[in-house]
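Naming follows writing order (A, B, C, D and E), and every chain is counted from residue 1.
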Amino acid sequence: MKYAYYPGCSLSSTGIEYDMSTREIAKVLGIELWEIPEWNCCGASSAHLTDHLLALALPARNLAIAEEAGLDVAIPCAACYARSKATEVAVNESEEMKKTIQEVIERKYEGKSKARALLEIIGESVQGDHIKERIHILLTGLKAACYYGCLLVRPASTAFDDPEDPQSMDQLLHLFGAETVDWSYKTECCGASHETSAKPEIGISILQKIFIAAQNAGANCLVTACPLCMNNLDMRQIEVEKYFSTKYNLPVFYFTELVGLALGIEPSKLGLNKHFVDAMPLVQEVLNRKGGEQA
Amino acid sequence: MKRVGVFVCHCGTNISGTVDCAQVAEAAKDFPNVEYSIDYKYMCSEPGQEMIKKAIEEHKLNRIVVASCSPRMHEPTFQNCVERAGLNPYYVEMANIREHCSWVHPNEKEGATEKAIDLVRMAVAKAVRNQPLQKTTIPVTDRALVIGGGIAGIQAALDLANAGHVVDIVEREPSIGGKMAQIDKTFPTLDCSACILTPKMVDAAAHPNINLLTYSEIEKVDGFVGNFDVTIRQKARSIKMDVCTGCGICMEKCPVKVDSEFELGLAKRRAIYTPFPQAIPNKPVIDREHCTYFLRGKCGICSKLCPAGAVDYTQQDELLTRRYGAIIVATGFELFDYSVYGEYGYGKYPDVITGLQFERLINASGPTMGKLQRPSDKKEPKNIVIINCVGSRDEAKGKSYCSRTCCMYSAKHASLIRDKIKDSNVYVFYMDMRTPGKGYEEFYDRSREQYGTQYIRGRVSKIYPLNDKLIVRGEDTLLSQPVEVEADLVILATAMVAQPDADKLAQKIGIGYDKDNFYTEAHPKLAPVETHTQGVYLAGACQGPKDIPDSVAQASAAAAKACGLLSKPEILTEPIVTEVDEKTCAGCGTCLLICPYKAIDLKTLTERIAGEIVERKVATVNEGLCQGCGACTVACRSGSIYLKHYTDEQILAEVNALCL
Amino acid sequence: MFTVQESEIRDLLNVLNKEYKVFVPAKVGDESKFVPYEDNVEFCWDRNVLLSVKDKFFPQTEPLYKFKTKRQNLEIEPLAPKDEPVLLFGVRSCDLQALNCLDQVFLTKGFVDEFYRTKREQATIVALGCNEAEDTCFCTAMGVDPQKGHGADIQAHWLQGKFALEALTDKGQKIIDTLKSYLKEENLEVPETKGFQLQPDMDGVPEKLKGMFDSDLWTEVARKCLNCGACTYICPTCHCFDMSQDVRGEEGFKYRCWDSCMFEEYTLMAGGHNPRPTKKERVRNRFLHKLCYFPERYNMLLCTGCGRCLSVCPVNLHITSIIDKVKEAN
Amino acid sequence: MGTMEQLTLQLRETAREILESKKAAAVIGWEMGTFWYSTAPAILTRPEETERLVWNEYCLNNLAKYLLDFQNTDEKVAIFARGCDYRGINRLIQDKQIDRDKVLIIGLSCPGMKDDKKARELGQNADIPLAKKCEECTYPDALAYDLWVGEPKEAAKPAKAEAKVFPEVESLEQMTADDKYENFAANYEKCLRCYACRNVCPACSCRECIFGNSSKEWSAKANNLSENMFFALTRALHVAGRCIQCGECERICPVNIPIMLLNKKIIQDIDHLFGPYDAGLDPEDKMPLGSFEFTDPEEFM
Amino acid sequence: MSVNEALDQKTPTENLENWQPKILVFACNWCTYAGADLTGLSRLQYPATVRILRVPCSGRVNPQFVIKAFQKGVDAVLVCGCHPGDCHYTTGNYFTRRRFLLMRRLMEYIGMEPERLQASWVSAAEAQKFQQLITEVTEQIRALGPNRKLRDVQWEQWNN
């Protein structure tokens, strides 16, 4: 299967591990990723706060290039995916909006090339038993709290999973032998940009609720599919621990990193060594178990 | 020989102000078949009508054309006038030269007069072709059927019975009482629901004119107003009603325990059961799906223990067909299935219950004998959250309409809890408080001020369990900040929806229903309890969400309407109905597809054709059902079915007259 | 015999057109019929026209008189038939024989139809011989000479690219005299018409048919008939008509229009009884009328073998096979 | 021996066996007509008559409507059925004029019949084109049958339904209003009102047609352009949603009026307005003008 | 005598100015007829070119009446009824909608100007809409001039 690949700004910077692990597991899973040449920023939250047409036009250019190549677009980051999906729906729903967008980006975009979340694509590509031979090690010992965040499965009308109780990441990890916990903060807000705003304590209290819920559910790590969630959960975990003088020690993974691990890809290639909350001990633990329970 | 009289009315100056009535009358003289033509100031007045009568005698007229106002206004007047002069009322034709002519062409005098002449010419052409029509009578069987034994059905039946009519109540459950029997107190007076309901149930059971057909369903409805042939399926109770004394021994000893529908899953019942203690008839029923005897042929304890020997496993469903003059549909409502809401836990959390389940918990004859306790751990709840508009006013996942009653019964629940558990905190999440009835606003004020219920205007976005509590996250739009309540119990005020099989019953009876499967009334303001099908009336929540006072009011209204119908041995039917020319009808059945009233059927005709006895199918119209819309006449290619008073020839005559 | 080159026929017709309203057989779309002569007309000399000249004398719809009713009294205003000298150029023998049949009906036995008569008198007919028969033709079997038109004023032949004219009546002679300048006196040999595929043997058939009213031949024959009116409306000899009126208020026109014995309403009586209720009776009546009743009354067959009914009938029900079956019937 | 000759023998054998064993009171097929290019419907009741049956490239007539002649007998009637006959039979069943269990359908695989009028012009050994109606045929074979003549064939499923478009209707639609009217008037100026198109049409099964009954005042017996157009438009409306596109009306019109132009226009409009629909495929389906949808297109708001 | 020559006698094209279009309106008794009454009650004006023919339901209007009307010399036909869903007989106008969706396309197909056959749902309360509708249709038909198509001119042809 071939997809146009839209990494987005985070995956070229703070979310580099997401990009590295995505490319690695794509190779193994036989998914060809064609990075959109000169892709432009998707506008994320800042665009649609300022101008509706701008918010729709920015992702439209990327989709248009993908459409010229006849490919759907694989989008790892939840925010880029949400914005691209909004554009695709807007163009398909109203002829008149399609015309205005085409004028603005000076390209043809008919809405045929679809914006697809990477989680959805990977979920589909591992169906069927051909994946069994590819698994090198089972992720036994991992008790993951899958954290979908606010954008990935909303709005309900275009979501690819249940907005209240999403299961796609849980099922994916089960395939690779990981255990996931049932907890109620799957789709709660991660504080987004509040940390950097005037009142960081709002963000910190939101994060604290997530960590407590995950701990109560018995999880020993968090798994996410959005660089901003990763940013807050991983980077700010220490800050929250200091603020509330408590210890969570919950490493945070991108689901692509765990899939890579299970496929036997070398941890450093997946960027597992780049986390703030040191993830290596847990990774090592899982790897050590490798001897016993080979798939 | 057709002799037409034309009478042009001035209507004071309403018509003559623009139309030259004398010229119209003059012009009408040389229309074909016109014998007499006159214009006069007020045709509809007493002298005007006298003039018509005199002209009929003098000139032996047998067709009358009145050029005046709209027939929707004075057609009956002139029809009666002509009838008094001994002429068939359907020989009258009106030309609307006021609303459609003089009033709308004030400064085109010449054009208006010419138009008036044209309209009179059309009316004359039609009148000449009009046939005498007689209003036919159809017999009315003096017996009413009430479908549904809830408060609405019971009230309607009592009113009809007290008016001296025989009434059958058909109730699907083993006992009458409906949803009201499950309710603890009723707003706004907080008087006990059973106390005001059970007496009426007893009256209904005891009333000589009322027959209760419980544990029965409607199988088929044929016929038409005054003559509905209804087939009722009396499901086998496996109990001989006449022998059973209702002592209840069987119910104690039956080994099988099953979720009680009446208790909404909060308590169990036996395989042989009565839904609730005050059930009427207070005789049990065997639930054959769960009774061991019926499943594996063993047990039979109840029949052994029954002192009166009333248990009879061999009983079968019985089909009973009776003829009724009128039908009152009072099948009530069902609660919205809130499991579509992931926000409230998809129905997984035991301590999230519906308003009706709460009514059972707090009801003295309920599973907990009125002691409010959490279904999960039976503890007494302290913090209770009530959420309004669950499923109502929500086009995305629920129903678009407001269910009218939830605000009031949520206020009632809050007051009851606060009254029962003094140190409890009750939070009600609402969007708008709707208190339309008498004493309703005061009741809401009392629940807030006197009972101390805390009303939070905002939606609940999520409920999730934390240890043994339920965290209710919502928003207070008045304080514009998020709100979180650690609740012990959450009560959802779910929407009122139509019964799941409401559309099937509607199709059986032949009445309309809307997109939410509530039955459609003939006219929302002018005929709220009637339906488009003559003789079928509506009462209670089956017509739309409503509370007990409105249901009872509608029940009495429907009973009054039914009395109006049943009080007469026969009723007159409108003669403008269709008729079939059996000689040319080929029995193709296309008209059957068109008729909205199922008034047309195919019958077999035996006749001699070219020396052979032959049987063939032809259409036949049931004059009682046909409302005279005429849609079938257009579908009939050979013109074999025609609408009296609006036949093809009559309408063509008008079209031809238009262009002479 | 006088001849004119085919190429000059248009000039000849133009001359005639000055004095008469000339009609010529022409191809119009997929059909062929007699149309008033104009320069751009596409002639149809090689075969007989589909629509015969019947409707020039007996039009499908013809107003007879105008009436006005006022209360009880009635005024009738007859419609004067238009006097318009007409010349039909190129009428085949079978159609002329058909015209002869119509003459019997409309002009003899003590009743003369004025409308028909005036049109018949005003018409000058130039017959045209047939060189080659179509597959559906069988006029010789019906006693019609394809090379000699009955009752024509001039007999023409289309031979070797020329038209040979021969006067049969003094009216025809006068016309030939007026056209002298175009004509050359020469005698051409008129060949015998060939190519007849159908040769029904008519002798004894009318008498035999007298006794065959109840034969079940008719049930068999009528099974496939659709009972449409195509054969009767295309047949040059069928002459049945119905009367109707076009009324506007108190005035109206009474008019005559073709009717077909194949239609159920044709014999439907007021009370609803129909002496010919099914298509068997109607098909039987049509053939008996043509081959038995008409000869009995006018001793002339009411079928001239033009073959139009055969080419038009949707179910290939044709008179020659009926004649053969009648011959075979015992 | 071409397959058609073999099939003719099988046809006769099947018919003879049916009549002898009294499985059906009559067999409806085709027999040779006067000329090599003409055939005619044959309604046979005696076994020896089955020798007349034929199956060649000129079996053009639609046989379905002859079943109406057997309405009053309660024995079965056998009928050879190509695709258009089968749709005609369903048309009569859906109009309740015959019932399915009184008809013995003998399916035939139809190769498409030749144009008999062209055959008469071009002669025997010329290359004769298919009849117009067979060129446009969408269902050459019966979709359901009791017997089958020729090599067994599993019943074809109805084609994937999508809205049909007819080129000649499209081209007519482009013309200006006056040209369209002139074309329409020129066609119906020729009409003789012989009603052959009505009598052959399986969708026209009224006991008494309004055009055959002057008491109905719908039409005058006079033959003028206006009345002819009224007849044409009314018949088009009467068969709307019911015409099975057998093309017989156009084929047998004595004056070659392109009658199907009206029917095809209505069929095309029905497909686009109410969803693709082929009349006469299944007697149980809903006739477009005998039903409605709440979501029908709305142009009159 | 061609169609057009005959018609010239009937409506000579010279004096087109004082020619009044003749428009036939089929109005259903429960909605549009009542709406027209309301237009009168509210004294809203519209041109006197329209003749309203009352039918019980728009479902009663046979498309053959429309052809007959054009034959007799009407210049335009308007079929009016209740809005779908409001029909007094519950489903009458749903059939009207299907019949006249087809009929309008058929008439346009044979060359009739689309403005000459229109359909519109007018409820008993839409007096304004009825007035506007009649005014608009009248202007459209005045622009088109008298209708020559489908006209029965036999009467004129026989008269001279």
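Everything that follows uses one rule, which is that a contact is a pair of C-beta atoms (placed from the backbone, for glycine too) under 8 Å apart; a residue touches a chain by one contact, two chains touch by 3 or more.
Owing to the predicted nature of the structure, the values given are computational and were not obtained by experimental measurement.
Chemist: Check every other chain and keep only those touching both subunit B and subunit E; list them.
Modeler: The common neighbours are C, D.
Chemist: Note down the smallest number of touching-chain steps it takes to go from subunit A to subunit D.
Modeler: Minimal hop count between subunit A and subunit D: 2.
Chemist: B-C versus C-D: which has more C-beta pairs touching?
Modeler: Between C-D and B-C, the larger count of C-beta pairs in contact belongs to C-D.
Chemist: How far is the middle of subunit A from the middle of subunit B, if each middle is the mean of its Cα atoms, in Å?
Modeler: 54
Chemist: For subunit B versus subunit D, what separation do you get between their C-alpha means, in angstrom?
Modeler: So the centre of subunit B lies 48 Å away from the centre of subunit D.
Chemist: Using the average of all C-alpha atoms in each chain as its centre, how far is it in Å between subunit A and subunit E?
Modeler: So the centroids are 64 Å from each other.
Chemist: Between subunit C and subunit E, what's the gap in Å when you average each chain's C-alpha atoms?
Modeler: A distance of 45 Å separates the two centres.
Chemist: In subunit C, what residues contact two or more other chains?
Modeler: 61, 246, 248, 255 - these are the residues of subunit C that touch more than one other chain.
Chemist: Residues touching two or more other chains, restricted to subunit E: which are they?
Modeler: 63, 68, 91, 95, 99, 154
Chemist: Going by the contact rule already set, what residues in subunit A reach two or more other chains?
Modeler: none
Chemist: Every touching chain pair, please?
Modeler: Touch list across chains, by label: A-B, B-C, B-D, B-E, C-D, C-E, D-E.
Chemist: Taking the touch rule as given, give the residues of subunit D at its contact with subunit B in the complex, in rising order.
Modeler: 71-72, 95-97, 205-210, 213, 216-218, 238, 287, 289-291
Chemist: Can you tell me which positions in subunit E touch subunit D when the two form their complex?
Modeler: 3, 63-64, 67-68, 71, 83-85, 91, 94-95, 97-106, 108-113, 119-121, 149-154
Chemist: Could you list, by residue number, the parts of subunit C that touch subunit E in their complex?
Modeler: Subunit C residues touching subunit E: 61, 63, 66, 79, 246, 248, 253, 255.
Chemist: Tell me, which parts of subunit C touch subunit B in their complex?
Modeler: Touch list, subunit C to subunit B: 69, 248-250, 272, 277-278.
Chemist: Would you tell me which residues of subunit A are touching subunit B in their complex?
Modeler: 156, 162-165, 184-185, 213, 216
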